[in-house]
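I've put the structures underneath this note.
Each of the next two complexes has chain A plus one more chain, namely chain B in the first and chain C in the second.
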Partner chain A sequence: MKVTRLNEITLMQYIAIVHGAQVGTGIFSLPKDIALKAGADGWISILISWAVITLAGCVMLLLLRKFPDDPLPSLLGKIFGRRLGKLALLPFIVYFGCFGWIVMVNSMLYIKAWFLPKTSVFLIILLFAVPTFMLVRNGMRVIGRYAEFILYSMAWMPVFLLFPLSDGHWTNLLPILKDGWTPVLGSVRETLFAFTGMEILFFVYPHLKRKQYAFHGMLIASTLTMFLYTFVTILCYIQFPQDEIVQINQPLMNLLKIIEFRFLERFDMIFFALYLFVVSRSWSVYGFATAYSLGRLFNRENHTGMTALYLLAILVVVFVRQPTWNQSIRFGDAMTIFNEWMLFIVPVVLLAFVQIKALFRRRTPG
Partner chain B sequence: MFPFNLFFGKRRYSSARQNAGNKDVRPFMPEQSEGEEHPLDSDLSRNLEEVARRFPDWPDFVVFRFASGSEQIPAALLYLDGLTDKKAVNDNILQPMMSSQQGNSSTRFPEPTIGDVRRAHNWQELEYAIMNGDCVLLLDGCAHALVYNASGWPQRSITDPQLESSLKGAHQGFVETAAQNLALLRRYLPNKELRIHKTIVGKRGKTTLFILFLADVAHPDVLEELRSRIDKIDVDAVINTGEVAEYIEDNPYSPFPQFILTERPDSAASQLLQGRYVVIVDRSPSVIIAPSTFISLFQSVDDYSSRWMIASFIRLLRFLAFFIALLLPAIYISFISYNYEVIPLQLFLSIAESRERVPFPPLLEAMLMEIMLEMMREAGIRLPASVGQTIGIVGGIVVGQAAVQAGVVSNIMVIVVASTAIASFILPSYDMGTAVRLLRFPMMIMASLFGLVGIVIGFMTILIHLMSLESLGTPYGSPLAPFRWSDMKDTFVRFPLWSMVQRPKSARPIQDKRVGRGRPRGDD
Partner chain C sequence: MKRGLCCLALLLVLLLPTGCMDRMDIENISLALIIGLDLDDSDNLEVSISSPVFSREAKRKTEVYTAKSLTLRASQDEFDKTFKAFTSGGKSQILLIGKKLMLQKHWYALLDPLLRDPKNSTTARIVLVDGPVSKVIHYDPQDKPRLPIYLTYLIDTASHLNLATRTTLQELHSINLDKGITASIAELRFDDKIFIKGSALLSENGIYKLSIGDEETRLLRMLQGEKKGEFKFTLEHEGAPTGNGIVPRNLYTVSAVKYSRKLKIGYARDHFTFDFHFHIRASLLEKLFPFDVLKSEDALEAEISRQLEDKFRSLIQKIQQAKIDPIGLGRFARAYRYNEWKPVENKWSATLSDADINVKVDVLIAAMGSIR
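Our next item is the complex of A and B:
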C-alpha cells in the first residue's frame, strides 16, 4: 500500500513546506554574513545561490521521480536493500535531527535575548516543544496545512520593512561589482547555507498529490525564498552603509527597530514575536523528517512516540549543554559542510547509483 | 485534563482499528430476545389478561372495553392517556365504531376513520405502539391488533428560536417533534433528491434520528461515515441533539464545536443546499449540520439576505471579535507585566495611573474580573427575564463602578473585560463563543508567564489544533488550510450571490455548480 495515501498534500502546501523549511532564523544575520565577504554586491550572490540550489533541487526531483511514492527511508531501502538501507538512513537522521535542533536553539537564543532574558533556556525550548509535538505527530498533511496558512497569513510582514525606505540611500548599492566577481562568488557558500531546506523534498515529494507540478512547485518555493532574501538584503544595504553593516549582528533587527508607530512604540517586538510562526514551520518540518525516519528505522507504524523521543532528546541536550550564541554559531559552521554534502553530493551519488544499477539490471537478464 | 488530551488524545475515528473488542459486557437493560415472539391470542379476554400482566399499574394507561357495530363484537381500545389526541380517539375511532347506524352489513364491524393504520401481530409490537402514543384496537376473534396513529403529545407551537433570532430570515424555528421539523425542511426543498434516512438510537429511549441530504449534491462517503458513527452509538437514551453530536464527533478532546447545531430551518436548508448533511433528532429542537468547518461557524444565514457589503463588514467584525475575545485580556496582561516597552509612554503612564491603587498582579486582577463576568453571564442565562435585569444592574454598578472606586481593579481592566464580553457575544455560534471564552483563560496564564512569546505559542497551539481537527473526515480548517481559492468568496467577505457559482469545496459536494449564468445585466 502507498504509505502516503492518507497524507496527500496540495501543490500550495508543497510550496509552503519547502519554502518554510528554507526560511529560518538565518535571515536576521544574512545581510551581515554576506556583506563580510561580498560587500554591497552581496545580493548578487543570493541570485547565484538560488540558481545553484534550484539545480540541486532538479537533481533531487530526478532521483525522486523514479520512486514516486517512497519517502526517504523506503527510498533508501529500495536502493540499498532493507538492511543497508537502514544503515544509510542513520546519517540522514542525524542530519535532520541536528538541523531541527539548531533552528530551534537559534530561535530560542533570539527569544531569550529579546523577550525573556531571565527565563531558562530549557523552559523556552519546552515552550516550543509543545506545539511542535502536536504538529509533527499529525504528519505531513497537517504540517502542510499549517505551512500554507502561515505562508499567506504572514505575507504582510515583508511589506512593513518598506516603511523606513524613505530614509535609505540607494547609492549604497553603487557601484555594482566594484571589486569584480571574486568576492561575490566567495560568499556564495554562506548564502547557500541560508537556502538549506531543499533536501526536505525527500519527504515532501512522495506526499504531493499532483506530481507533474513537482518541479514548478520547487521552483516557486526557492524563488519565493530568493525574493525574500534579496528584498531583505537590499533593504538593509540601502539603510546602513557597508562599514556599519558588518558590525551589526542582526541587521534586519536594526532595520525593524526604525519602524515606529504612534500607537506602537516597539513594532519590532511584535514583528519578531510573530516571526516565531514562520520559524516554527522550519523546525517542525525537520522534526518531522527526523521522527518519521526514526519511526521507519524501528518499523513503527506511527511516529508519535519517536516525536516525543526526539523532542525529549533536544530538551536533554539543551538542559545539559545550555547553548550560547557562540556555540550555536560554531555548530552552524560545522553543519555547513554536512549540509553541502546533503544538498549536492548525496542526490548526485544516489542518482548515479540508481542509473548504474538500472543499467546492470537491463544487461544481466538480457 | 484538557491540554493533556489535546496532545495525546487519539482522534476517535481516524484510525482503522475500531473498538471492535471492547463492546460493553453488561447490557444496561435486560433485552428481550429478538427471535422469541409472543403472538397475540384470538380470544379477547385472554388478550386482556395478558395486557393486565404486561402493563400492571400505569395510572395513565386506558383500557376501554366496548361492543362494536351491529354484531356487537366485543372490542377493547388501549392507549396511553396524554400521548394520544383525545379528539381523534373520540371522533374518529370510538364514534364510528360504537354507533350502530354505520353498521354496514358488508363488513363485520365499522371502520374507524383514521388513515394511518397498521397491524401488530405480537406483543412486542403492541407494547412499542402503545408507548409511542398509538391507539391499539383489540377485537375478539382476531389474532392481530389494529394500531391507529392518533398520537398527540404535548407540543410547543412554532416560534422564533431564542438562541439564534433572525433579522431577515424566516421566523419559524424547529420544535421538539421530528415530523414537524421534517415538514419545515421539506417546505424549503420540495425536491425529490432530498433523501431521508431513518435510524433509531438508544436502547431505552429509542430516539428516532433522521439524516437528510440532497442525494445529487452531498458526498456519499460522508453519509457512510455519518451512518456508521450513528450506528455505533450504544446508550440507554439520548435526550438532546448535543448528546448525539458528542457521540459522533471526531475529536472529543477539543474545545471547538465540530458540528453546527441550529434551530433555524432556513439555516439547515441552506446548509443542505451546500451539500452538507442534516441530522434531526426527535424530541430536540436543534439539528446537527455536518460536516462543518471553522469558518462555517462564523457564517449566519442572515448574511445572505442582507446587502453583500454590509454582510461582509459584519463578517469581518466577527473575525475581529474572535481575536479580541480570545486575546485581549492576554495582551493586556503581557503589555502590563512583560512588554511594556511596546506601548507608547503616554498610554503606559495612563494605564499605570489607573493601576496605581490596585494591589493585585495583572493576572489576578484579570482573572477576578473575567470570572466575575462569566458568573454574571451564567446567572443572566438561568434567571427569568424579570430577575435577570437585576443582574445587569448589580453587575454594572458593583463591578463597573464600585470595584474601580474601591481600588480592586483598574479602569482599563473594566474596559478590557467589557470588550471581551461584547466580542464573545457577537459570534453567531453559541458553541464557538463558549469555546473562545474558555480558551481565554489558558491564554491569560501563558501571557502572565511568558509575555508576548507565551501568547504566540498559545495561539500557535490553538492554530495547530484547529488544523488537525476534522469534521466527519473533512478538514475543519478548510478553506483557510487547506487553502481553497474558490471558497474564499464566502469566507471573510461575502461576495454577491450571483458570483458564488460553486458550492463550497469544504462540504465535499459532488455537484459543484449552484448558480446559473450570471444575473441579467443592462436594460434588455
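Our next item is the complex of A and C:
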C-alpha cells in the first residue's frame, strides 16, 4: 500500500520544508564561524558549500527515485530486509532526534538570553513542545502547509536587515581572495553544517505529488538557503570589520541591534520573537522524522504516541541536563561529523548497494 | 477529538497568565538613560547614572547618583541601594566618559558588560567630557527637557551639523578592533551650561589623543566621505580690508551643498600615498564685502579651493603628528594595497604618519543667494 497516499504535498510545500529544515539558529553565528578561517572571503565558501550540498541532494534523489513511495523506514526495509532494515534505522532515529533536540535547545538558549532570563529552561521547552506536538502528529501535509505559510509570511525579514546598509563599509570585503583559496576551502566544512537539512529528503520526497519536479524543488530550496546565508554574511561583513566579527558570538544579533526606529528602539527583540516561527519549522521537520521512524520501528500506523514520547524525552533530558551555551556549541561540533556521514557517505553507500544488488539480480536469472 | 483540542487550547491560554508572576512594571525599572564613567581626584572609578522616575508623587522626575565602584557591573549594587527600582541598561542613550579616564590604558575594557549582556542596547552615543562627568550628569536645567533627552538631541543635532562626530558603542567597538581606523567621538564641556566642544580623536588602543573643533570636524567628516549634514566654512577674502575691528569686512561663508570625494591609493618608495580629490558645489551664505560674484566667479572659486586645501593640509598634519587614523585610510590601504598593508597592519598609525596625503579641492559656486 502507498503509505503516503493521504499525505501528498505540493512542490511549494516540498521546497518550504527542505529550506525550512536547513535554516535554523545557525544563521546567527554563521558569519563568525566562517570568518574564523576564511576571513572576509567567507561568502565564497557559502557558494562552494551550496554546490556541494546540491550535489549531495542529487545523489539522494537518485537513490530515492528507485523507491518513489517509501519514506526512509520502508526504504531501508526494502534494501536490507525487515529485520536488518530496522537495525539500520536506529542510527537515523538517533540522528534526527538529536538534531531536532539541538535546534530546540539552541532556540531556547537564545530566548533565555534575550527575553526570558529568569524563566526556567524546562518551561521554555515545554512551551515549544505543545505546538510542536500539534503540528508533528498530523503528518507531512500539515507540516508542509505550515512551512509554506512561514516561508511567505516571514519573507519580509531579510529586507529589514538592509536598514543599516548605508553605515557599512564595502571596503571590508576587499580585496577578494586576499589570502588565496586555502582559507576559503578550509571553512567549507563549517559552512556545510549550516546547510544540514537536505537529508530530510528521505522523508519529504515520497510525499511529493509531482515527482518529476523533485530535482528542481531541491535546487530551489538550497538556492534559497544559499541566498539567505550569503546575504546575511555579506551584510555582517560590511558592517563589522573582520577583526571584530571573530569576537562576536552572534554577528547577526549585533546587526539587528543596530537597527533602530524612532518609534521602536529594540527591533532585535521583535525580530527574534518572530524568527522563532522560522526556527520552529526546522525542529518540527526533524521531530516528524524522528517520531515517524520510531512509529515504523514499532510497527505503529499512527505516530502520535511517538511524537509525544519524543517530546517528553526532550523535556526530560532538558530538565536533567539544564543545557548551557558551551554544551550546546560542543554538542553541535560533535554532530558535525555525524552530519557529514549522513549527508555524503550514507546516500552514496546506499545507492551503491542498491545498484550492486540490482546487478546481481539481473545476472542470476541469466 | 474536537473537545480534546478545545481543552488543549484552554490549557495553553492558562499557561499565559503564569508569565504575569514575575512581570516587570515600568515603575519598577530604573532605566539608565545616561551612564557616566570618570575618575575622581584620587583616581578611583566613579560611575554615575541618570534615570527617569515613573511616579506621580515624585516632584523631580529624574534620579541621578554617582557611586564609587571597581567596575561598571559592580556599581549596579550601589545604585540599587538608593534608587527606587531595579537599574537596567537596556535603554541607555548616552555614555559619558571623563577625559581623565580616557587617558588611562585599557579604560575601554570597562565597557565590556554593555556589550556582553544581550539585553543592553549597543547604540548608546559615546561622548567625551572635558572636565568632571558628575557635573554634567547632575546638571538640571530649567529651560530644557530632562537631561537624557536633551543630551541625545544635542548630540544628534551636533552630528547633523557636523559640529561633532556621533559614534555609538557598537561603532566604537568595531573601530577599536579594526586595525585600519581609529575612533573619533563627540566631546562636551561644562561651563554652567553644556556645550559641544567638537570631536575627540582616539589612538589605536582607544586612548584620548587630541581634540578638534567644529571646523576641523567638518573637514574630517569630508575626508571620511560622510555626505550627510551641513558643511559650512567661514573664510577670509584675501586683499579685502579687515574693517574697523567690529564688523569684519573681509569674511564670507560658503556651504558645501554637495561634494564628491575621489581617493587614489598608491605605494611608492616604501610610502603609501593617498590623493584626495574633492569636487564641491558650494553656495554662498554670507559675504561682508563688495564683490561681483557673477563677474569674478573663477577668482573666488580658486580662493575657496586654496583655503580649503590649506585647512585640510593642517588637519592632516595634526593627525599624522598624533599618529592616529580617524579617516580610516587603513581600510582603503587594506582593500586596495593588501600586500603592502599586511606587513604593517600592526603598526599602521605609525606607518601612516609618514605617508603622503595630498588633498586637491575644486569648488564650483552653484548659488549666491538672492542678493548680489
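Definition applied: the second predicted complex is superposed on the first by the 366 of 366 C-alpha atoms of A that agree within 3 Å, B and C clash if a C-alpha of one lies under 4 Å from a C-alpha of the other, contacts with A are read in each partner's own complex, and residues count from 1 in each chain.
To be clear about the criterion, a contact is a pair of C-beta atoms (placed from the backbone, for glycine too) under 8 Å apart; a residue touches a chain by one contact, two chains touch by 3 or more.
Owing to the predicted nature of the structure, the values given are computational and were not obtained by experimental measurement.
Chemist: Touch check for A:N254: first (chain B), second (chain C), both, or neither?
Modeler: After superposition on chain A, A:N254 lies in contact with chain C alone.
Chemist: Is A:L174 touching the first partner chain B, the second partner chain C, both, or neither of them?
Modeler: Second partner only, chain C.
Chemist: Is A:E244 contacted by the first partner chain B, the second partner chain C, both or neither?
Modeler: A:E244 sits against chain C, while chain B stays out of touch.
Chemist: For A:S107, is the partner it touches chain B (first), chain C (second), both, or none of the two (neither)?
Modeler: A:S107 sits against neither chain B nor chain C.
Chemist: Have a look at where A:R262 lands relative to chain B and chain C in the superposition and call it first, second, both or neither.
Modeler: First partner only, chain B.
Chemist: In the superposed model, which partner reaches more residues of chain A, chain B or chain C?
Modeler: B
Chemist: Would you check which partner chain A:T290 touches, where first means chain B only, second means chain C only, and both and neither mean what they say?
Modeler: Neither: A:T290 stays clear of chain B and chain C.
Chemist: For A:T191, select first, second, both or neither according to whether it touches chain B, chain C, the two together, or no partner.
Modeler: Neither chain B nor chain C is touched by A:T191.
Chemist: Quick one: is A:M134 in contact with chain B, with chain C, with both, or with neither? Answer first, second, both or neither.
Modeler: Touch status of A:M134: both partners.
Chemist: A:E148 contacts which: chain B (first), chain C (second), both, neither?
Modeler: So A:E148 only meets chain B here.
Chemist: In the superposed arrangement, what residues of chain A touch both chain B and chain C?
Modeler: 127, 130, 134, 265-266
Chemist: Can you tell me which positions in chain C touch chain A when the two form their complex?
Modeler: On the chain C side, the touching residues are 8, 12, 15, 22, 90-91, 118-119, 121-123, 168, 170-171, 173-174, 177-180, 328, 331-332, 334-336, 338.
Chemist: Where on chain A is chain C touching in the complex?
Modeler: Touching chain C from chain A are residues 113-114, 117-118, 127, 130, 134, 167, 169, 171-175, 178, 239-241, 243-244, 247, 253-254, 257-258, 260, 265-266.
Chemist: Touching residues of chain B toward chain A in the complex: what are they?
Modeler: These residues of chain B touch chain A: 6-7, 338-339, 341-345, 347, 450-457, 460-461, 463-465, 467-468, 475, 477, 480-483.
Chemist: Which positions of chain A touch chain B when the two form their complex?
Modeler: 10, 12-13, 111, 115-116, 119, 124, 127-128, 130-131, 133-135, 138, 142, 144-146, 148-149, 152, 262-266, 269-270, 273-274, 276-277, 280
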